[in-house]
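After the structure tokens below, expect a handful of questions from me.
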Amino acid sequence: MAAVLTVLFNGIAYGFLLFIMSVGLSVSLGMMNFVNLAQASFSMLGGYAMVAATQRFGVPFLASLPIAFLAAAAASVLIERLVLRHFYDTDDLTQVLLTLGLVFMSIAAVTYFWGGSYQRFDLPAWLTGQQDVLGLTLETYRIFLVLTGALLAALLIFGLERTRFGAMVRACVDNQRVAGACGLNTQLIFAGAFAIGGGLAGLGGALAANLLGLDPNFPLRYLVYILIIVSVGGMGTISGTLAAGLALGTADVMGKYYFPQFGGVAIYAATVAVMLWRPHGLMGRRA
Amino acid sequence: QESVKIGLLQSFSGITSLSGQQTDGAVKLFMKQNGDTAGGKKIEFVRRDTTGPNPEVARRLVQEVVTREKVQLLIGPDFTPNTLAAAPILMEAKVPSFVNGAATTGIIGEKSSYSSRTFFATPQLCRPLAEYAVKNNWKRVFVAVADFAPGHDCEKYFVEALAAASGVLAGQLRVPLSNPEFSGYMQRIRDAKPDALFIFMPLGELSIGILRAVSDSGLKGSGIKIMGTGDITDETYLDAVGDAAIGTITSGIYSTRHESELNKKFVREYTELNGPSPRIGWTAVSIYDAMRLAYDGLNAQAGGKFDPDKFVSFVHGRSFESPRGPVTIDKGNGDITQNVYIRRTDKVDGVLQNVEIETFKDVGFK
Amino acid sequence: MAPEATPVLEARGLCAGYGAARVLHDVSFSVARGEMLVIIGRNGTGKTTLIETLCGLTTLHGGEIRLEGARIEAMPPHRRSRLGLGWVPQEREVFASLTVEENLTVAARGAAWPLERLYGLFPRLAARKRNFANQLSGGEQQMLVIARALSTGPRLLLLDEPVEGLAPLIVQEMLAAIGAMRASGGTAIVMVEQKYDIALAHSDRCLVLDHGEAVYSGRSADLLADAPGLERLLGVGGQADPG
Amino acid sequence: MSAVPEWFAGKARWSGFEIAFWCALAGAYFLPNIDIALLSQIFIWGLFAMSLDLLLGYRGIASLGHAAFFGAGAYCAGFLGKYGWGEPVSGLLISMLPAAALGWLTGKLVQRVSGVALLMVTLGLNLILFDFVQRSTALTGGDDGLQGIAVDPLLGLFRFDIFGRTAYWYSLGALFALFVFLRAFVHSPFGLALTGSRENARRMIMLGSPVEGDISIVFAVSAAAAAAAGALLTQTTQFVSPATLSFQRSADVLVMLIIGGAGRLYGGLIGALIFLVMKDWLAALSPVYWYFWIGLLLVLVVSFFRKGVLPSLETGMRGLIARLGKARGGGPPA
Amino acid sequence: MSDTVLATRGLHMAFGGLMVFDHLDFSLKQGERHAIIGPNGAGKTTFVSLITGLLRPVSGDVLLDGRVITRDPPQARVKAGIVRTFQINSLFKALNPLESVVLALCERDGRARPALRAVARESALIGEARGLLEQFGLGADALTPTQTLAYGRQRLLEIALAMALKPRVLLLDEPAAGLSTRQGHEVFEQLLRLSAGVTILFIEHDMGLVFRYADQVSVFAGGAIIVQDTPDNVRVNPRVREVYLGA
């Protein structure tokens, strides 16, 4: 019984990790309707910012998280102003190609500055090891992930999805011309939304680095996972992304425990099934 | 002055770019120590990026360097599928090659009699470790391998050797190649209550991930011995694993800590030349040894026109002292016989190292 | 300061189009407080272009636009809107992924048109407020776009074929509401309308465009009474077919 | 007005550009120091991209798992070669069949989904197939590739040599044959119907068109062409590995098609040419950092050739011709 | 009753919680020109979509010539002769009018599926398409891409596409939308000239058009048909004035 509960908990923690990783893209795709694969690069950047802060400048881990957010947010706005804003009205595939190009460039750039190897960093002692909770032995970092993930989800759902700012962004995306003529400063709103999306991606990267490792190929390695989570959840609904993360996370961990012979196929099969069953995702908005 | 062209086909980009960096490092060091001529001919390199296990590209590049660049010797391509895809061309064009970064058995010899291997063959690492485990009374072993051909290979040899040494298979599982999450597997291993866990994972996210998971989940602290082929504690990735790697028992062909004058010189000069990062892994040694065989082979036919058949018959059957220890290239098929070391990962002077604790001498490639 | 003296909107010598292509040639007009100006003309003659030029959505090649005396032709669209320009686009451009209510609050400004007042004008919208805008019927979308423009509290309302697709009863109610706005708040209106009979009957002055040029400007009642003039200016239904 | 009855015929006619293009491909072989191995690979990728163009350019549905069909053809040709069917031309044709069936089924499966869902379903199916092939080492040799493929000389005369001469002519010939087929396909009423469904599926339904059924057909044809490309790769290299159906390949072919420009068959070929030549050149020039330059290439292409290189060139050409016509004072009669 | 072409029986429709109409019985006679009017959101467009099969009713049936077609897919209904136009133009933007009409004709004659014979060889169909475009006055625009056509021309093409299918029952959703009063009349005149023998059901908010061109008028409101009568009677009906026409 304890084993089952531990596995379940691990699945939930993994689910939150997937959520944290994907939420940046979820915001940019859902709110901005921009297929910004470069979010994966911002994740990586957040990870590297965290490592640089903690390892080189001795910043405590917790304090390095906002740094990761800000670094990625700044980079995101920069890229938006320089490149992406010229592509709001292009089709999905053009955006995919453009941002894929940016991902490639980021990989080479990171290799140039930080080298090709995996980054080493040590978590503070209080985040490592295991804790006894209600008779279960749980990994400390996973507990931390669950708490942070839940907090983040709550913040975003109530602070972004259900607010006027969220509606403004979606209005600008639906029709930039009309939104502008209705008095919305589309440039500013877009930049703001990109900052939030990029920052979240950076935060996700910083939190994920411990479990997933961090090297220049990080964006390519996790791109598919991120895409899967966001689409299964339903474009741009943060609650959907959370639901998809939790569902696929638990399914994955439970699957590996009970049916290890199925290997990695479970998550893909689940994706195919969900997308055929509900083409707009678990919580997709449009009818 | 006459020249000899050597093709250098390695992965210089992408996930496997570190081996490319080591290749460059080793070549640079060797040239510095031995000059840029061999057998009176100037050495020129044709360097191409295989971009990882990508047989279609590798084959085309081999075709290109052989038919257009007209290289006489080839170091590479790396990875088993690349090697296999290239073999027929090398056979037909009579271009001797040195295989490294590909460990599958049987890819040297009948597939291409012009090849020699300076790397290692999978059973070379798996069998000694099984014997070592049983000898130390870790009888019930759980086997976890990556779910792809090399993993299946390794699993086969290890389980065979374990049975031969009358050990017991406590359970086994195959981990998919793209797998960011191990906790379900960890629980499964814990449930099986083995004495030891044997791991084979390719270098990279999986090798790092599993050692971290073993440590984070508390499996390591619970008395289960963690062991595996040297991939999981390869020096290039060891620091990224961090303290989670300490205490891991691995079998390997080379450690920077290997006690020999030749190795100390090798490590010192390599580091001076290429800097401390990335650390020296077994790719560097494998390339370094390939360079030495190439030079020796060319020197042996100094003055004459390059003759691939003579070259191969000179290289096959050769024994020499490598930084890793004594090495013999098989006379029959060009595969490699070498010492295999059982190492324990420890922190030495604040740096994670693979410390050799036992030596299996002259282990064959079968 | 005499408010009656400065027109709410004054356009002088407007030349505008899309990119390098010119659609409007030297168009001038003005609208006073509480006044309603209709713009009529055949299909494709540049009426929508004129409205969009006022909003800042086209390429301006020359001319100036003053809103209550202040030059606005160099401003981006959102600043013009904040100065009191409200726009109802021709093609029912609702924010499709917002609910009806979000459409009405997302750009809301000022206190003149709170939600209740909008819903009072268009009760149909109140009934559908939780639905996404793209689920509405054609007429409902048209109501939504008008209500959205009102929600920004405009001093000058630009209406591009606002009665299109609306039931006759709703048209009457809407025109009545516009009349009330003009009377009480002094809101000025510029309206483009194909159904010139309705348009002329409800407006003070009119401007007739042809091939991007203003070919007539005067009192609506005069033009409505002048049948031959109408025939000459609005002619045989647009670019009539040769066959 | 006289243009009206000629409109369709004019569109279907072979233009001088086209003929010159194919002659250039054949003639490239005789250039000194040309990398014919690379060119053969470009033909194969070009065919693959062309097959995707049928789906994306003409029917407007993107597949993120097209490598599944390529790989199906590649493995099918591999198995044929391994188990004694070494004759290449018939092997190529046979290899197209299973993939066509697979495509038809995929079409059935996805006919009710579109957009992102379609991308994810095709991606998922591709990954599942990849996983299966890679793990079934006993059947497929897994990562090490299928061993023991033998391919007979082409037409019983030309051995597949190490210089890749036979491979060059064989791939070019197959590419051309399939191109002629696909070209006829898109110029038929069915091609027009596909374009109609791309533009406005709802309206097509209201014209009584079996829009959903068409998806299966176009998937099957596209899959068969992709499989032909895969089989060509196997036959010309006598090697097949799971890399033939990796996600990477699906992504690459999409990139090539978009670079070249979707919706005109040639786009895929041009895209393959640009992408592979640049990649080869950059990788040789700067092995460690070529990723950067390829990324930059993508960014530049979408920035300056919004709809792909070929359509942008066409528009540019047309503009130029119009300007020249004006300059001469003439201009086409209206 | 034998001359009834199209009918609905107890048609019930709702979107989630929103009931659009409840138990609707309606019939359309052969050769009739029938207008549907009613307040915005009364369900007129929805009704047309139910008949054409783009939407499925919650319950109730649609009948063509007395045969239940409620479960038939839209394509089958088109083949049976039920053809519609859309309230907002729904065209093939990248194709030109000639291609669009040829496409419609190929679909009508089932010539789109055999896949290797060139379109250019369908000279009979191409000729027919040209004739149709001439009739609608679109001859000069035959090769202009649809998206660059003026709105009024697009509106004509919308109708021409429907006519190309040789419908038995033609459903028109606000065909004069976006046109001036005068153009609206022209469109209707043209349509009626070309559609002898076709049963027509149209939705309009322009009463001038309704009262001039309809034989029968149905007024939808509040989920039901509140009045069905001749134009003259509908015009003076007090209920209709109250919910729809106004003063």
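Labels for the chains are A, B, C, D and E, by order of writing; each one numbers its residues from 1.
Here, a residue touches a chain if its C-beta (ideal position, glycine included) is under 8 Å from a C-beta of that chain, and two chains touch if they have at least 3 such contacts.
Note that this is a predicted model, so its numbers are computed, not measured.
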Discussion item. Treat touching chains as neighbours: how many steps, at the fewest, connect chain B to chain C?
Written reply: 2
Worksheet, complete the sentence: Taking each chain's mean CA coordinate, chain B and chain E are separated, in whole Å, by 73
Discussion item. Could you work out how far the Cα centre of chain C sits from that of chain D, in whole Å?
Written reply: 50
Worksheet entry | Centre-to-centre distance between chain E and chain A (centres being mean Cα positions), rounded to whole Å | 48
Worksheet item: Where the CA atoms of chain A average out and where those of chain C average out, how many Å apart are those spots?
Response: 44
Item to complete: Enumerate the residues of chain B that touch no fewer than two other chains.
Response: 14, 17, 21, 147, 174, 176-177
Worksheet item: Could you say which residues in chain E touch two or more other chains, in rising order?
Response: 139-140
Discussion item. Show the residues in chain C shared as contacts by 2 or more other chains, in ascending order.
Written reply: 135
Discussion item. Run through the chains and report each pair that touches.
Written reply: A-B, A-C, A-D, B-D, C-E, D-E
Worksheet, complete the sentence: Touching chain B in the complex, chain D uses residues 33, 35, 37-38, 41, 131, 134-135, 137, 141-145, 147, 162-164, 233, 237-239, 241, 243-244, 283-284, 287-291
Item to complete: Please give the residue numbers of chain B that touch chain D in the complex, ascending.
Response: 12-14, 17, 20-21, 47-49, 51, 53-56, 59-60, 63-64, 66-68, 80-81, 84-85, 88-89, 92-93, 104, 107, 147-150, 152, 174, 176-177
Practice prompt. Flag every residue of chain C that touches chain A in the complex, lowest number first.
Written response: 55-57, 76-78, 80-82, 85, 87, 89, 93, 95-98, 102-103, 105-107, 109, 132, 134-135, 148-149, 152
Response to the item:
Touching chain B in the complex, chain A uses residues 3, 6-7, 10-11, 13-14, 111, 115-122, 128-130, 137, 139, 141-142, 210-213, 215, 217, 221-222, 225, 249, 252-257, 260-261, 263-265
Practice prompt. Provide the residue numbers of chain E that touch chain D in the complex, in ascending order.
Written response: 52, 54, 74-75, 78-79, 83-84, 86, 90-95, 98-100, 102-104, 106-108, 111-120, 122-123, 126-127, 130, 139-140, 142-143, 161, 165
